[in-house]
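Comments concern the structure below.
Letters A, B, C and D name the chains as they come in the text, with residue numbers starting at 1 for each one.
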Amino acid sequence: MIGQIALLIILLLPAVAGFVGYLIGKKSERNRDLFNIIITGIEFLIVILLYKEVSNAPVNLFISDIMGTGLHLKLDIFRYIFVWISSFIWFLTTMYSTQYLIKYKNRNRYYAFFMLTLASTIGIFLSENILNLFTFFEIMSFTSYALIIHDEDQYALDAGKIYIGMAIAGGMVLLMGLFLLYEYTGVLNITEIGEKLIQLGNIKYLISFLIIVGFGVKASIVPLHVWVSKVYPAAPTPASAILSGVLLKTGLFGILITTQYLMQGDFMISAVILILGLMNMFIGGLLALFQRNIKRILAYSGMSQAGYILVGIGLMGVLKENKLIAVYGTLYHIINHALFKVLLFMGTGIIYMVLHEVSINQIKGFGKHKQGLKIVFLVGFLAIIGMPGFNGFISKTLLHEALAEAGHRYPNIGLTIAGMIFTISSSFTVAYMLKIFITVFMENDEKYKGQFKEPICKRALLPMVVLSVAVIYIGMRPETVLTIIDQAIKNFGVDGEIEIHFYTFNNIKASLFTIGLGVGIYVIFVRKYLRKKDGNSSFYVNPSLNWFNLERNVYEPSLMAIFTSTSVVFHVIDRGVVNFVHYTSNKVNKFSGMQIKRDSYGQIKDSYVEMNSLKDFLNKLAKNMNSLTYSVFIVATILVVTLVMLTF
Amino acid sequence: MTYAKNFPLLMILILFISAFIMPLMKKNIFVKGLSLFTMGISMILSIYTWIFITKNGAYFYRVGHWDAPWGIEFKIGMIEAIMAMLFTMVATLILWYSVYSVEKEVKDNKVSFYYLLVNILLGSLLGMVFSNDLFNCFVFIEVTTLASCGIIVVKDKKENIAATLKYLILSSLGSGLVLMGIAFLYDITGNLNMTYIHKEIMNVHAVYKNTLHIAAGLCTVGIGIKSAMFPLHVWLPDAHSSAPASSSAILSALVLKAPILLLIKILYGVFGFEIIREFAILNLILILGTMGMIMGSVLAIKQKEIKRVIAYSSVAQVGYIFFGIGLGNKLGLTMAIFHIIGHAVTKSALFLAAGAMIEKSGKKKLSELKGIGKEMPYTLGLFTIGALSMVGIPILPGFISKWYLSLASIDAGEFMLIGAILMSSLLNALYYFPIIVNGYFGEENLAGKIYKSNEKSIKELLPLMMLIIGMIAIGAGSNKIMDMIRIGLI
Amino acid sequence: MEPIILIPIILPFLLGIAGTKILFKGEKIKTFYVISAVTINLLALIGILNIEGAKAFHLLKINPFLDIYFKIDKLGILFALLASILWIFTTFYSLAYMKHEGKEERFFVFFILTLGITLGIAFSGNLFTLYIFYELLTLATFPLVIHAGTKEALYSGRKYLIYSLGGATVALLGMILLFSISNSLNFVEGGVLGTVNIDNPKLLLTIYMVMFLGFGVKAAIVPFHSWLPAAMVAPTPVSSLLHAVAVVKSGIFVLVRVCYFVFGAETIRQIHGNIYTSVLVFITILLGSLLALHQENLKKRLAYSTISQLGYIVLGIILLNENALIGGLLHLVNHAVIKITLFFCVGAIYFMTHKKNINEIKGIGKQMPVTMTCFSIASISLIGIPPTNGFVSKWYLALGGLTENKIIFPIILLLSAFLTAAYLLPIVVTAFFHGEEKKDIKKLDPPIKMLVPIILLTGITIFLGLFPNVLLHYIKSIVENLV
Amino acid sequence: MERLLTNYFETGSMILFGIGFVTLLLHNNLIKKIIGMNIMDTAVFLFFIAKGNIIGKEAPIIKGIHKGIEGYINPLPTALMLTGIVVAVSITAFALALTIKIYEKYGTIELDEITRMRGD
């Protein structure tokens, strides 16, 4: 009972707090900041306290009548992981925001939407009813939109347009999937759908495809990733952080649900996800390599990391009953990614906070003398590249193991290539992170020496430190997380535990090999090819700007073409009736105005001129109709016609 | 109650005799009083007649000492009684209205002549309704022509005279044709009494088919001229639009209708249902009626003066009546007669309302009458209700005619013609609504107008209101009226 | 006791006519009079619904068709309550709004009259009665449409009149033909044709199509929709009423009556009427939402939006299955609430700032936060994003489409929803997020009389989204007898 | 042809009617029109009376002995035509009066000139 109430509280608390905070903010900014931090803190606290309850048995809450189908919330350990990470990240980000946003406008609005986004995110993870999930998903899209365009400049608005456009389009596709789902199965509870869906024929692939596309927009799956590179740089850094740290996970959560619950780990879907994951990894990594804007690098990096998770999800299905390791890897990486990506974004944010600039060409050497920042950033850097001793190492190892396992089970060329892509992508990660780290924190630039110390306030650094500690802690002691995941795996229909020793020679060797490869790429490719000298200073170029671009070369032209052509067609229909009438009357006018008598008989314009078109003729006729002679004439005609008609 | 049998003749006599007393009177007020009084008396008598008929059924009435077929005979049935009632009632109301306004359009010294002519006109119209003798009808037609020419020309303006002359010549042409038709009938049957002709025709129609065709054709065209069947309506717009308001009302409400009734009598009474159905003349009437419905409205749209619009609208409405006649089934005929009733009331109200507007504002162009609704809200309001009936708003008689005419054309298997009916009613809307809309609304139109500044007094508007109320009552009581008509037709 | 059901219909007529005298007597009297008129009428309506037995009444039975007959059934109650309640909101709103439009007295006379006519439509017991009120509605709303009295207004009014009367005439053609077959136009659940066996499906199909198109004019079905954008010259309360309840919804209501109470779902299926109509509806939905994108004028944009949304409702009607009809009727209510909110907001903007184009309203969200927030919520609802009421109706519509085994229906719906987002959200974004920074922003939220209806209606939007079951059960009880 | 000759009254009246009609139709002068109208009327009367006449019978005027009912024609058409003539005369008179009025108002009795003057 207490669990159910707690469930409701963690859902509603941020929503209510959003409004309350808005009102408080009108009076006092300081109090509002404090209020928000406290609320997220309470939220996090409740989530932590819930662990005991949840680990005993899943908490279920059903409130009928809401939205017609009722609100069905459920919290088991699997979902708990997501909820926990969200509330944790949010707590830290809120704290960070209070510092970051200190000079921004519209802070009140920001916090309101920030809290609402939290509520909806929690809602997504808690929903048992897929319709509820969709609801929260859509709310989240809208509330996060307000965060993204916070700057209100043209760039942000454009980015926001793409974001909301894709979010809504994705939502519609998702909804289409749900329509079909409900039509064919008649149930909405996620755990129940699977049994029914599995009995359907090929329609289930269509359904799952639609749903995955819908979630895939948020998860930035490959052809749907175009928003990522625009939105992340546009949003304020805390927003980018949660976008990448948590909102990305909602999409992945949806895909996980779809493949594992709805489709019961169907092989075909999983294989597709696997391939998509590999593409994500590779393309994200590659594109990240070229970027100069740190935030954009991190954005692509997020995409690449999402690829890892997708690979994990795909592997779960591919490995079927042996998916244990894949489950571990996936869930672990979800946690890890949230931690280190947020950490990295926060670091970037601090730079931005000071310089209002995030292009590495401009901020080169900024961090050379800022030791605190340098250290926490380094932690994030090491974590993301999977350096042993940091958490990234654990999850990457797990995923790598899982991939190897799959290669072991289904020995074919595809999985071998997959393994290679995995390694190369990881080395890309190393390369682009090195690019950032070396340029910003290692190179020397006189102008930043000793400056800008004060703005880096403790309140902003504190969350970063917390995150760093967390990163290192669960990197050193993976058991803490693993025990939680142990309980979650039940939800995936497998049992048992894994016994892995992470810090074995082989694993470390593999990891170091990857890092070495990455350093190689950095040295050979990044330094040589992307870095140009210009006198004393050096700067990076981005040749990928001119490359083939999905958004610019495919989506925009085709959308424009469709839009223009349909608009034309519908305009024609729209004006159809009216135009038809006008057209006819014009024609008639034209016809009646047509010259009957040509006045080409030399210059002689005689009295016939007054009657040289049908219109004149008719006018004259109408005039004459009034005269007696014509009247009699008409009578005579009618009489004759009648009599002739009657007698013959 | 047998004395009631004399009432029809009495009505005619009262009207005729009283008419000739009028010039003797010195003061116009007495003339008006007498006219109104006699008309009222005839109205009461006609109501009595109707009651008598409903109780005792139709009867023949011998006029003078000769029995039919030699003497003149009246046939008073249900339809005739209703028509008499309609004519006298509408005429009474129009006269009532004219009492207040006639001086505006007719010179003082001509007022007594005006009422004289009106009385004679009504008397002859009633005669035409009652008479069972073809030649007698012809005479009444001629009297009607003269009298109606008189009430047009009485205004003594240029255009009146020209219009009257046109009307006169065409009318006499028409009556010549009718007479010719009568001659043919007489030639075949040797009778002038309709009942007897019918009997004879039943015997000989197979032999004299062509002659009968020609007779029917001549009568139709002749009466068509009189009742403005399209395209023989050419005289109507001029005549109706230039006449004084009360004359226009009488002309289009009553004078057009009596010949139509005569045509019905000839076609369905003299020839009879069975024979006339074989004739092509009905198709002709149907076609001309349909054309009239549409063309009348189309022409009305083009007009610039309010009275001409209404006059052309009459052409369209007469088209409906001919349409009903031309369908050749009982329902169609019933509706034709019903439409005569409905239209008589509506059109007279419209003409009176338009007349009131013209009288008060001194303008007759549509473009000048914009914003009149602010000055004369009640008058235009009454006009609006009348127009709504023309357009075919349910319950009002216009709608009922349209509905049943449509059903009748379905009965006759002519689905396409429903389209014509509906199109015509749409066209009606097209020229009536702008008058109303521009009258009541529009920033520019209303500028400078003072509310109710020009309104007629309630006393003067009362007859108009009663006409409108009567119209609504006709609509509401349409079923009873139609039942009565059906009784009359059998 | 039976004539008592006439009260809500006749009362507005009387009050409207009495209003011609009373309304001129001063500001306070006017306010009081108008408010009490609509309120009393709503109370009367509710009172009548609670009386047992008084469910049907022949006012005037002249002959089989000329029969003015009122009957209270569930569908009618739904529509009547919807109209009466929204009327009250509009009353408050327009009491404030009409101040700058002038000629308030005339406005309120026709405003009250129209309420009576709308209720007449709701309670009509046969097609003929419905037709009368349908025609009257055109006539009574006409002065409202041309309220401004400008040339443009008169022109648009003429267009409105011609379209409406033309449609009614075409519908009349259908009625005549139908009457010649069925000999009855009374509304019967399942259709009057139930007993007549269909020996001439072609004719019946013609009749159906003719009636559908004829009455469809008011429901703004393409290609007879262009009066609706033109009628936007009317003052905002009028537009909102036109769109939300009175006119277009009457058109829809009549279509429901025609489809389910005159023809009957079975018959329409047999004559394949639904196939032909669905094509039109597709075009309507897409055309409306696509062309809305091209409109710069806020009201015009909403007008095209209405066209497309009406397409949804009609789609629900013509699919002829339970889910779809539930969706259609739900959307009838939901769209009314949403659209009236949107119009009120746009009207408020115009009222306060005299701006009516999208490019003029940059940053207005900061000046009128409450108004624009309500606008945003209503927009989201119109797009059909949960948890607003727009979503609920769309859910059922889509399921209805799928029941027919046609996946195209939900696709069209979603496509249109996306377009809806594309034409509504830019307004929201422009209002809130564009525009330069100002230090002291003047608060411009409209007077309380206008603001309260907007807020309450927004509240209803969300409430019906969160707890649709209240309405849903009622509509289900209507629908289960029809399909 | 033979039939036409046999019924020469009727043929004659038809020719007369045609003449009258054409006069009415083609002449611009109002007086001539009225004359045409009169000719037409006359034609009709002639026709009617011809219909009433039976060759070999006498008019119903008893000279000397009564020839019995078969010996006389029906007097009715003749009597009627008297009425008709009266009516026609009155109409002619009325028309002429109007013509005078028109002459007063317009100054001409040529129809096309009147039409032109009215300008509509």
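Assume a residue touches a chain if its C-beta (ideal position, glycine included) is under 8 Å from a C-beta of that chain, and two chains touch if they have at least 3 such contacts.
Given the structure is predicted, the values throughout are model-derived calculations rather than measurements.
Trainee: Which of the two pairs, B-C or A-D, is linked by more C-beta contacts?
Mentor: By number of C-beta pairs in contact, B-C is the larger.
Trainee: Measuring from the mean of all protein Cα atoms shown, which chain centre lies nearest?
Mentor: C
Trainee: Compute the distance, rounded to whole Å, between the mean C-alpha positions of chain C and chain D.
Mentor: From the centre of chain C to the centre of chain D is 69 Å.
Trainee: Can you work out the whole-Å distance between the CA centroids of chain B and chain C?
Mentor: Roughly 44 Å, centre to centre.
Trainee: Cα centroid separation between chain A and chain D, in whole Å?
Mentor: Centre-to-centre distance between chain A and chain D: 100 Å.
Trainee: Could you grab the centroid distance between chain A and chain C? Build each centroid from C-alpha atoms only and quote it in angstrom.
Mentor: 37
Trainee: Which residue numbers or ranges of chain D touch two or more of the other chains?
Mentor: 24, 33
Trainee: For chain C, jot down the residues that touch at least 2 other chains.
Mentor: Residues of chain C never touch two or more of the other chains.
Trainee: Listing for chain B: what residues touch at least two other chains?
Mentor: 165, 169, 173 - these are the residues of chain B that touch more than one other chain.
Trainee: For this entry, which pairs of chains touch?
Mentor: A-B, A-C, A-D, B-C, B-D
Trainee: How about chain C: which of its residues touch chain A in the complex?
Mentor: Residues 222-226, 283, 286-287, 290-291, 293-294, 380, 383, 385-387, 391-392, 395, 398-399, 402-403, 407, 410-411, 414-415, 417-418, 421-422, 425, 429, 433-434, 437, 465-469, 472.
Trainee: Which bits of chain B are touching chain C when the two form their complex?
Mentor: Spelled out, the residues of chain B in touch with chain C are 388, 391-395, 400, 402-403, 406-407, 410, 415, 418-419, 422-423, 425-426, 429-430, 433-434, 437-438, 440-446, 476-479.
Trainee: Show which residues of chain C lie in contact with chain B when the two form their complex.
Mentor: For this pair, the touching residues of chain C are 60, 62-63, 65-66, 68, 128, 131-132, 135-136, 139, 142-143, 146, 148-151, 154, 157-158, 161-162, 165-166, 169-170, 172-173, 176-177, 179-180.
Trainee: Which residues of chain A touch chain D in their complex?
Mentor: 623-624, 626-629, 632-633, 636
Trainee: Contact residues on chain D for chain A in the complex?
Mentor: 21, 24-26, 28, 33, 111-112, 115, 120
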